[in-house]
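Before we start, here is the structure in question, set down as structure tokens.
Every chain is named by a letter (A, B, C and D) in the order it is written, and numbering of its residues begins at 1.
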Amino acid sequence: MSFQNPVFIPGPTNIPESLRKACDMPTIDHRSPLFGQILHPVRANIQKVLKSKTAEVFIFPSTGTGGWETALTNTLSAGDKVLAARNGMFSHKWIDMCQRHKLGVTIVETPWGDGLPAERYAEILAADTNHQIKAVLATHNETATGVKSDIAAVRKALDDAKHPALLFVDGVSSIGSMDFRFDDWGVDIAVTGSQKGFMLPAGLAIVGFSPKAMAAIAKATLPRTFFDVRDMSKGYDANAYPYTPAVGLLNGLKASTDMLLDEGLDNVFARHTRIANGVRAAISAWGMDLCATSPDVYSDTVSAIKTPDGFNASDIVDLAATKYGVAFGTGLGEVAGKVFRIGHLGSLTDVMALSGIATAEMCMADLGLPITLGSGVAAAQETYRTTA
Amino acid sequence: MSFQNPVFIPGPTNIPESLRKACDMPTIDHRSPLFGQILHPVRANIQKVLKSKTAEVFIFPSTGTGGWETALTNTLSAGDKVLAARNGMFSHKWIDMCQRHKLGVTIVETPWGDGLPAERYAEILAADTNHQIKAVLATHNETATGVKSDIAAVRKALDDAKHPALLFVDGVSSIGSMDFRFDDWGVDIAVTGSQKGFMLPAGLAIVGFSPKAMAAIAKATLPRTFFDVRDMSKGYDANAYPYTPAVGLLNGLKASTDMLLDEGLDNVFARHTRIANGVRAAISAWGMDLCATSPDVYSDTVSAIKTPDGFNASDIVDLAATKYGVAFGTGLGEVAGKVFRIGHLGSLTDVMALSGIATAEMCMADLGLPITLGSGVAAAQETYRTTA
Amino acid sequence: MSFQNPVFIPGPTNIPESLRKACDMPTIDHRSPLFGQILHPVRANIQKVLKSKTAEVFIFPSTGTGGWETALTNTLSAGDKVLAARNGMFSHKWIDMCQRHKLGVTIVETPWGDGLPAERYAEILAADTNHQIKAVLATHNETATGVKSDIAAVRKALDDAKHPALLFVDGVSSIGSMDFRFDDWGVDIAVTGSQKGFMLPAGLAIVGFSPKAMAAIAKATLPRTFFDVRDMSKGYDANAYPYTPAVGLLNGLKASTDMLLDEGLDNVFARHTRIANGVRAAISAWGMDLCATSPDVYSDTVSAIKTPDGFNASDIVDLAATKYGVAFGTGLGEVAGKVFRIGHLGSLTDVMALSGIATAEMCMADLGLPITLGSGVAAAQETYRTTA
Amino acid sequence: MSFQNPVFIPGPTNIPESLRKACDMPTIDHRSPLFGQILHPVRANIQKVLKSKTAEVFIFPSTGTGGWETALTNTLSAGDKVLAARNGMFSHKWIDMCQRHKLGVTIVETPWGDGLPAERYAEILAADTNHQIKAVLATHNETATGVKSDIAAVRKALDDAKHPALLFVDGVSSIGSMDFRFDDWGVDIAVTGSQKGFMLPAGLAIVGFSPKAMAAIAKATLPRTFFDVRDMSKGYDANAYPYTPAVGLLNGLKASTDMLLDEGLDNVFARHTRIANGVRAAISAWGMDLCATSPDVYSDTVSAIKTPDGFNASDIVDLAATKYGVAFGTGLGEVAGKVFRIGHLGSLTDVMALSGIATAEMCMADLGLPITLGSGVAAAQETYRTTA
């Protein structure tokens, strides 16, 4: 493992030097006040990153998947109904988790490449007059398709229907990289992990609960212990955890969120948009299309690029790994073999992005696709040099 | 945080230099064959550490608590009966988890300081003629009391009763430090974490399943997703995980288990016994008693030391932290304020142990306990220099 | 300091992850046998990298400049004559050092961009019939101009003249990256540092002495203490140093030379040639010229690129640093403002090189040079993808 | 190399976690303004550590020995006379260096264990009426004997004689740990290294020049290049170095001096005195004597302990290394085999010191010396717990 080239997978992302060092921490007593000096600032910082004044923040030694399970098991009971659209692998997996926990899921099948269908949500919620739907699930950014959805529109669907269901949002590949407004959008539970916008190793599930979500805990009967936010909450009050926390990762998260807040969230988002614009300019110069069906749903953290019919897009990913030592993402689920993905989130400069674009060009040329070497790079260079 | 002194908490333990570096790893693509080069050797090594030829090893980005939940939710169903003794905080917590998952727990209340009452297990199992008890829970080493239990005796109780219940063993603070025999003892599920004998940061739940435990999965109806070993198993076959793995920690676990196996497990255990003997010699020289009620249950990884009536043992822990920058463990639960704990597991030399003993002496003298400075150190020195 | 992009200066070079960790070492007793376990393998490895069976290797906590001073002061006396050509900044500086030490330097002024004039050396040596010239100085690779010289030809000049002068070679920016043959070329002293081909931080002067150079020590009267190889030699025999060694860097050098030897020196050199070919293809596509005047003197570790008259080449370096966070090298001495330099040695992949080329293109376009964006990248891509 | 125990050699010292990380730095362009952001604060900090307002600070990629050579070669000429006392290995080595550089040394032989004989200096300086002595050499803290000398008294000797000689002080094992007053004491050149009080790896020679020392440079004719402060000075003005600087170590030195100045120099010195007092209490409890002949010359950074006649003190050092993995210092030169040394400088807590004392006790007992185990520890504990 030579670790020379950056990775271009949509997470885990490249870890900045300073965060590497923040995570690489000797053992401290996690039941001592020292630990509180890490824990409390982290929670306050996450609140700010979520753009919330009231969210209760919980951080588990787990991953985004554990964050989803935290959301479901702490607020729902077997037999409860939830509403969810399936427009990619991650929304699919969340639906599957609901079903395993014996929740009744109203699934809105949605083309992979489209955003969440807020208008369908609106119809279903309006029709649910006796409020059997207890929660609405929304994936803010579908990592599998590079599609961002309009969470404000989902909130509006709830509000228009005067529907009391909780709004759960998967922000795993958006939070910390793209604008996310917990309070403005009336999010009830937001879920993310350490390994995307926070530029850390995987190992933390990060969730925010609104007061309404907190209120739902008492009635929820799905069994949980590891992910029980009540134990977590009690622990926090004593500078502690219900079990052993991942102290180094939390220290890394403190450093990471300090870094994001110091840069300014809007600057962070603009930086992601700029890098994404360069990647999209390259894709356009190649004459290729995104999986995302329209500019309003283009993700600023990952681009899924459609390859011609009859071509196995995963070959690009394999060749990049074996021939050039560069990691891209394959297509998942319905789009497996049809797209390859360039992750462009986290700690990534324009210069680093150019090396990823140049590598993709070489791979495509190697595999016989009609790509002019340097064409995508030139388009991205023009984007970057005029916006630096 | 000056990080100058070693910690003497019973985990997380002091992280050796080489393991710090193994964990501090740049991002790789966890869906690439590179990841398999970490994952598969780790699982094989853990099997060896468990002294098992057949255990299926699963490693979650979680903690020992998550390991317990993995054991319960993958093999049991709501309403199932389990048998467990409560002789310390960690056996207590596991019982609590069973109850939250609607399992019927037959609890054998046991004095904190005693080992697990195998003879009571035997009676209860013999009486359970229609085999309603589906699992027997056993905490191999009670971290709260410094008490080790005889798992072979629990197995014998099962065998003598010809009882088919599964045997689940919490080896969080024993595995990798004290002799643990998965196959010989007929353990069905063993649970541990990364942060004790493996000398790593917290963040991994490590569990081993016997073939019999694997067979129980199909019928188990407790809901689980994050901790579902079926998904994990399927992922492993593809060099992958059902979600993002904690790659650096796994790489650390590979290095840690290589280190333990290179030293030789029996040498590792003898090393722990030797360090523990020095600590116990010091305690004896102080004229103090262990919480553990007899030598056959003395733990080689942690000693809980009883302080005189009317004295708050936690004051020692607080003073050590604030005045000397040294971390000991407080008493938990029933023995809160009555004991303080010296962890002596993982990466700890005789020389390091002496500094902990010397610190405890200073604290006790500072707080007015009738301790002769140097007395415990001298006893430990004699132990160490004659056995080095 | 964000450390995200690679550096493209001709040293210090990018430090591989594994060498970072090898250098980052806790304190050991440098007077203990432990130190010998680092020192002796390092010296043996360096011998192999020099392609020598007999060179005595000395390693000082210093830099290449200290290596030069080691060469001069251990073998020469005030008033001794040396022969040297000046074809760049580093040969110039070495001449200056000779003069400060009261050596009589016969200087062959040589155009910056040309290699060492072996034929002029031959004439001068032939004319020096009473052998007043005690040493011939040769810079193998002029870092300032990107020019490699033919050391075998210099040796031939000495041999043809049957001249007994010592041959001192500055291999600071060649050894470990370009073919260097200590024994075959009859080198008497080779000088290098840790921060170029060895991919380490600066801080070590590395010198090899032939038996003939060792024999010259006794008569040399230039004062020296820190750089006295006799003390160093005596120290080595006792696993030690005459003063405190830079243990971590030496440990890094052990790892670095292991890495180079494991890859195979010829593979290392071929790798450097391949990367250099891509950079040169880009320069050619830009329609620009190298400072090096002909292909036989093109350096495989650094390219100095001439910019048009009236253009300040250093502006490219400044803009790359401030606008893109990328480090190139400026022109030095006679070629200051006339060239900028791309270092392409050490730990550098094709993918990394492409990012440097792309950055140079953006800078030149930004500064109004008639560069087609992507043109150099495309030429380099073609080179790389057909040779990977 | 397990790196578990602290080292107790009198340098290199234990490196604090934060300094390890400050040194472990990726490559930057050392000719860019970034480098100035490290260099200039370091030089300003060193001035403060020297308690000087006017000292010009120079930092070489070298060691203390290189610092000595810097002092001599930049200010003196062959044939110049210097005055020096020899009271230990390091004063001896400095005298030897003078002689190699053809300086005429007036040597005052002084018992090893005594401080510098200021009164003999006074007599010699008074007698040198035509001021042939150009420099007076003084070793502030003899690392070999654990003896501190009175530099103010040496200054007084010069002043009383109205003698214009320069005063050069070796503060390698005192600066940053014991009070050092460059301006108050009229020091002209102070020399130290990175690996003692600054708690860093070896690799930096740090020297301060008074205005008078700076003025002496022009006339000095000893040859020098690597150690020429004129080149260094010119480089600094351009944020640069005359050759490649050891950037990571300099960054470490910035962090180290920030740390010392944040703590407050007087607090740092008091901390060293406290730790030393504990060690001396232990030695006294053992009934052993220091090599240092009286309390006014006891060093606060290293103690050399005399062992009984007929006993080889180095056996303690060897046994500590092989049996316990602990590094102490052997006796050097005249006191080889007669003393062993405990270094107690840099990053060392009372708790760490106790582990060193306990180890020394075990070794002495193992080797048959009449030591009561725990006796020295108890004395040190009493010292530490009453002064914490």
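Convention: a residue touches a chain if its C-beta (ideal position, glycine included) is under 8 Å from a C-beta of that chain, and two chains touch if they have at least 3 such contacts.
Here the structure is a predicted model, which means the values were calculated and not measured.
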Per Cα centroids, the chain farthest from subunit A: D
Which of B-C and A-C has more C-beta contact pairs: A-C
Shared interface numbering between subunit B and subunit A [over half = same, under half = different]: same
CA centroid of subunit A to CA centroid of subunit C, Å: 47
Chain centre separation (subunit A, subunit B; CA means) in Å: 34
For subunit B paired with subunit C, centre-to-centre distance based on mean C-alpha positions, whole Å: 54
Residues of subunit A whose C-beta touches two or more other chains: 3, 14, 17, 24, 26
Touching residues on subunit B, where the partner in the complex is subunit D: 2-5, 14, 16-17, 323-326, 347-352, 354-355, 358-359, 361-362, 365-366, 372-375, 377-378, 381-382, 384-385, 388
Of all residues in subunit A, those that touch subunit B in their complex: 1, 3, 7, 9, 11-15, 20, 23-32, 34, 61-66, 68-69, 78, 96-97, 100-102, 193, 195, 201-203, 222-228, 242-249, 321, 327, 329-330
Contact footprint of subunit A on subunit D as seen in their complex: 17, 21, 24, 26
